[in-house]
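Inspection log for the structure reproduced underneath, given as structure tokens.
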Amino acid sequence: MNKPGGINPSARKGILVTGVIGEDVHVTGIRILEHALRKAGFIVHSLGIHNSQEDFINAAIETNADAIMISSLAGHAQLLVEGFRDKCIEAGLEDILLYIGGQLVIHAEDWDNIEKSFKDLGFDRVYKPFVLPEPVIADLENDLGLP
Amino acid sequence: MEVVNKKWPEDYFFRQRKSVLAMWPTGNDVDLAEAVEYHKKMPPSKNAALKVLEAREKSISYFCPSSGTDTIDAHKELLLYLQNVGKVDLLTSYIDSLTRNCRFEAAEQGLKKALENRKAVLNGFPMAVHGVKGNREVMEALDLPVLMFGPTPDVRLTHEIGLAGGHTGYSGGPLISFWNYTKNVPVEAVIHNFQYTHRLLGYYEEKGVPILYCVSGAMPAVSPPSLMIAPEIIEVLIAAEQGVKHIQLNNWLQGNIAQDIAYILTFKKLAQEYLARSGHGDVETTTYSVSPTGRFPSEHERVFALIGYYTMIGLLGHVQVIGSRTIDEAHHIPTKEGTALSFRCARMMAGMLQAQGVNILDNEAVKVESRMMEKEVRAILDRVIEIGEGDLVLGTKRAIETGVLDQPYATTQLVKGKVMGVKDSEGAARFFDFGELPFDKEIRDYHKEKIQERENRVGKKVGYETIINDMMAISNGVIVN
Amino acid sequence: MEVVNKKWPEDYFFRQRKSVLAMWPTGNDVDLAEAVEYHKKMPPSKNAALKVLEAREKSISYFCPSSGTDTIDAHKELLLYLQNVGKVDLLTSYIDSLTRNCRFEAAEQGLKKALENRKAVLNGFPMAVHGVKGNREVMEALDLPVLMFGPTPDVRLTHEIGLAGGHTGYSGGPLISFWNYTKNVPVEAVIHNFQYTHRLLGYYEEKGVPILYCVSGAMPAVSPPSLMIAPEIIEVLIAAEQGVKHIQLNNWLQGNIAQDIAYILTFKKLAQEYLARSGHGDVETTTYSVSPTGRFPSEHERVFALIGYYTMIGLLGHVQVIGSRTIDEAHHIPTKEGTALSFRCARMMAGMLQAQGVNILDNEAVKVESRMMEKEVRAILDRVIEIGEGDLVLGTKRAIETGVLDQPYATTQLVKGKVMGVKDSEGAARFFDFGELPFDKEIRDYHKEKIQERENRVGKKVGYETIINDMMAISNGVIVN
Amino acid sequence: MNKPGGINPSARKGILVTGVIGEDVHVTGIRILEHALRKAGFIVHSLGIHNSQEDFINAAIETNADAIMISSLAGHAQLLVEGFRDKCIEAGLEDILLYIGGQLVIHAEDWDNIEKSFKDLGFDRVYKPFVLPEPVIADLENDLGLP
């Protein structure tokens, strides 16, 4: 299922680890995002579903990743990413970018509150539901200092 | 012991049972003999299996939402509201996804948080954590039958507790759980877990308590229906072998009316045929339809149209039970209000259509679809049986290894994942990639021709972009664009 | 001069015209030659007649709400909102009911109050009071074609001003206005008024400006469709005689799919046949469907289901334009938001169905309905022509006197009012009382048999209570109970 | 169209004039109400649609009516009944009961305000939309002092 897009190897913009965290099975969104990221020139290591915090960290170390992109739709994201930034730092991933997206909470809450709570947990970018790949790619390019 | 499609000896079942009940302290409370007595004292109107047979007899469709929340009080309030305000006919307890993965401790923690914060934390009802008593407290507050709902690789303890707690059915199955809810659990392990729950259902049946089991095969993602029907029939046969007697056939609507109706007709016909062939002609089958699993539009007014639309297809297909997503689908776990409004909308559609007994079953397009679909399902199933050398479970395992059974967008990494669907110009799902499916030239040509029609209309080849587009089309307002 | 079905000589028309324009000061502003030029400079995309022909050519259905409010600013805002947020394809200016009854002074007072209170007072847009300039101000703010909407016994001045003001169509007709909007105005007076407006439309057509005229015959109240189709065809023929060239056939949906589809098919077929027979084969016809006129449910979720349902019937009948009531129907004059939501719901249904080109036109039940309906309409029309001794208007007058043309629940006191409908067990409208309709035994037996079926089902005779019940059924959630 | 129900003449409970006021054409509701009133034993003089204030008053005088029941759905009721009670008094109908029902206003307003505004205009009873015949009959019996 790990279908690479038409990557131009000289245009590799960065290395990304992607996946769904916890007991969540919603895989479609991140698959579509991965496809777009590859097409935009990123190297994507896709972990699929059912990943623990450790799975993400190990993969990031192994692949020397620039960013970890976590997808979560089932509504338990807050429970699942507690302490993640600290674990990254412990593992020596001080500078890694942490992005999270999907449908993060199970209540109809104010977005600013939601965003803040995930930023407080150490995420660099927090995405609203239904975000399309384009703005995510633009943010990545920006955060990675790409032209 | 190798997993094969053979009824478990009673002692094997009871040996397994010890370790299942030991998975979480609440397992101790389950007393099977007492549970059977408990069910026998429940009014028949609260039995799901009997209720759907009643729908079949009366030629009407009942409505059943899928919902559940974490605490006893909230879950009770939710189901009562759906019963009294939503005016549905059957209820479900959605299993939360921690419980579905046997992470009972995490589920218990979530539950505690929910009790403290007086606000839902889990995305469903953690049957196992609540124990028999907690389940019964909810059931006893209601007048309607309640099913457990949710595919998962291991629902054994939840079955023990949920059934003893008064639930009278379950929706989910080994193959859908394997394809869509696991990452690397071998299929035979999932099947073995389900043989346990089937054997348990069979035990209730032997003691005179009818329990409804609802198969669901595989989740569609722009999938031609044979991709769902073939695994669904395998699920039916595996369940029947362990003694399940009341099976509901789940029809995943995707929106093309001819294809959806053909699905309902073909599945019913073949399920009954294969059941009879394998000596289970006494199993009662009923049908269920539900709106698709793709992304839903976020605007209520559009979702209302979709709810009406899919309800209509279920009614035209004369299914016994109609399920539906809700106006909250795109946003958050459905509220009780959102669910009630959605089902009241659905019932209005039934109010208009039901009395008319509209017959489109002999529609030409439905016939064409049915014929091809039947050929496809037979081709898959016959090959599964063949390579299993007579054993369906072995055949299933080998078929998955070789791609004779396959799915697009599966979550498990243990499949070929080569098949892929795309919509034709009328919005029906066609094979873009046949993978290793054992199809003959007629079938292949049919799908190619249909895809060709779309390519001609839009003036370019369909590709991966088209497929992604197709997955989003309905949420953008059209079946295909 | 006796009112007969003959094209008015130009001088007769222009003599009438003087007194029409003198009905209210704004009449002075109408300059026909200038108005024609004005229309010719408008983009063709803003012409209703051309727009519906486009739908016919592309085999798609367009959406058209019915709405209007009193002040220029509010009406403009309303229509802009429906265009931009409601995403409809055609717009209407609903005529308020004071203007419809030529109570221009009262309408002007209401308008003043509305301006003072900054809140709507009238239930529609008073074209005549606003004058040509006011109408144009609204039209010029929009990108879509706008029709005038609303039956009334005398819409002559409103036509003069509304058309010169840039409207490109009108919906309403002499017979529906007579049956459902008058108390004791003789039918020939209403027809004479309409001959005027038709002659005016014909004048625009002669000068090369296509204008859409939408007939509507009679409002259903559990009425078998022949009760609407017969007067509608009379309206078609009266209009064609005065030179109207673009006619839209209004199909009043009542909810029984087979009967509603048969209505659409039969009406189109017979309208074209009778047009050709009377030398008007060059008239372009298009079709329109709209949800029924009975009481609507008050809950939004149910109305959404109904909107989807009736939209579906229109789509299955392949009409060019689909109208719809709104979620506000039961409560108050639709708000712009309510209307937009309703049409977005309708469009979602189209988004699902349109691409499929579902064909149920050869459905057996549709065929049976169509055959009987055609027989009924022919029986009525042929008798009308017979007793008119060749003149359709005379025939109509005499047919109404003798009950050959008749309606239940008419507001006029000048009819027999003996016919009455009741639903059969599938919710189709059947004749409970045939009154003086010239029907043969086959037709009568068919209706009796259908009513009998319902009586057998419920186990008692249908009567006046049943009929009242039937009028409320849909608002209570079922097509028939 | 003036279809009498099965009246028992000895049970005549009162004489009523019914009709729709103004340019309004909504006739179905009042027809259904009339049917129920006749069945309940009242004598009903139905004026149909398009009635002026004078039409109602003249009919009430002619028939020696106990009550006038006005239906209005098109939303112009307030404009149409202004001064009606005064005209009734002028015409010598001091004691006549005035009822009004249908869908009286075109906005979604607070019901108490609506009711008050029509009571201020002199109506004895003002009915919400969709009222069924039964409570209306009960009110009539009450207001006419019937057992």
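For reference, chains read A, B, C and D in written order, and residue numbers begin at 1 within each chain.
FYI, a residue touches a chain if its C-beta (ideal position, glycine included) is under 8 Å from a C-beta of that chain, and two chains touch if they have at least 3 such contacts.
Here the structure is a predicted model, which means the values were calculated and not measured.
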{"item": "Starting at chain A, fewest touch steps before arriving at chain C", "value": "2"}
{"item": "Between chain A and chain B, centroid-to-centroid distance (C-alpha), Å", "value": "30"}
{"item": "Averaged-CA centre spacing for the pair chain C and chain B, given as whole angstrom", "value": "46"}
{"item": "Centre distance in Å when chain A and chain D are each reduced to the mean of their C-alpha atoms", "value": "69"}
{"item": "Shared-contact residues (touching 2 or more other chains) in chain D", "value": "none"}
{"item": "Chain contact graph, described as a line, ring, star, complete graph or other shape", "value": "line"}
{"item": "Pairwise chain contacts, counting only pairs that touch as defined", "value": "A-B, B-C, C-D"}
{"item": "Residues on chain C engaged by chain B in the complex (per definition of touch)", "value": "255-258, 297, 299-302, 304-309, 311-312, 341-342, 344-349, 351-360, 363-365, 425-427, 474, 477-480"}
{"item": "In the complex, chain C residues that touch chain D", "value": "97-98, 100-101, 103, 106, 110, 119-123, 180-183, 221, 295, 298, 330-333, 409-411, 413, 417, 464, 468, 471"}
{"item": "Of chain A, residues touching chain B in the complex", "value": "1, 3, 23-25, 27-28, 31-32, 35, 48-50, 74-76, 79, 103, 105-108, 129-130"}
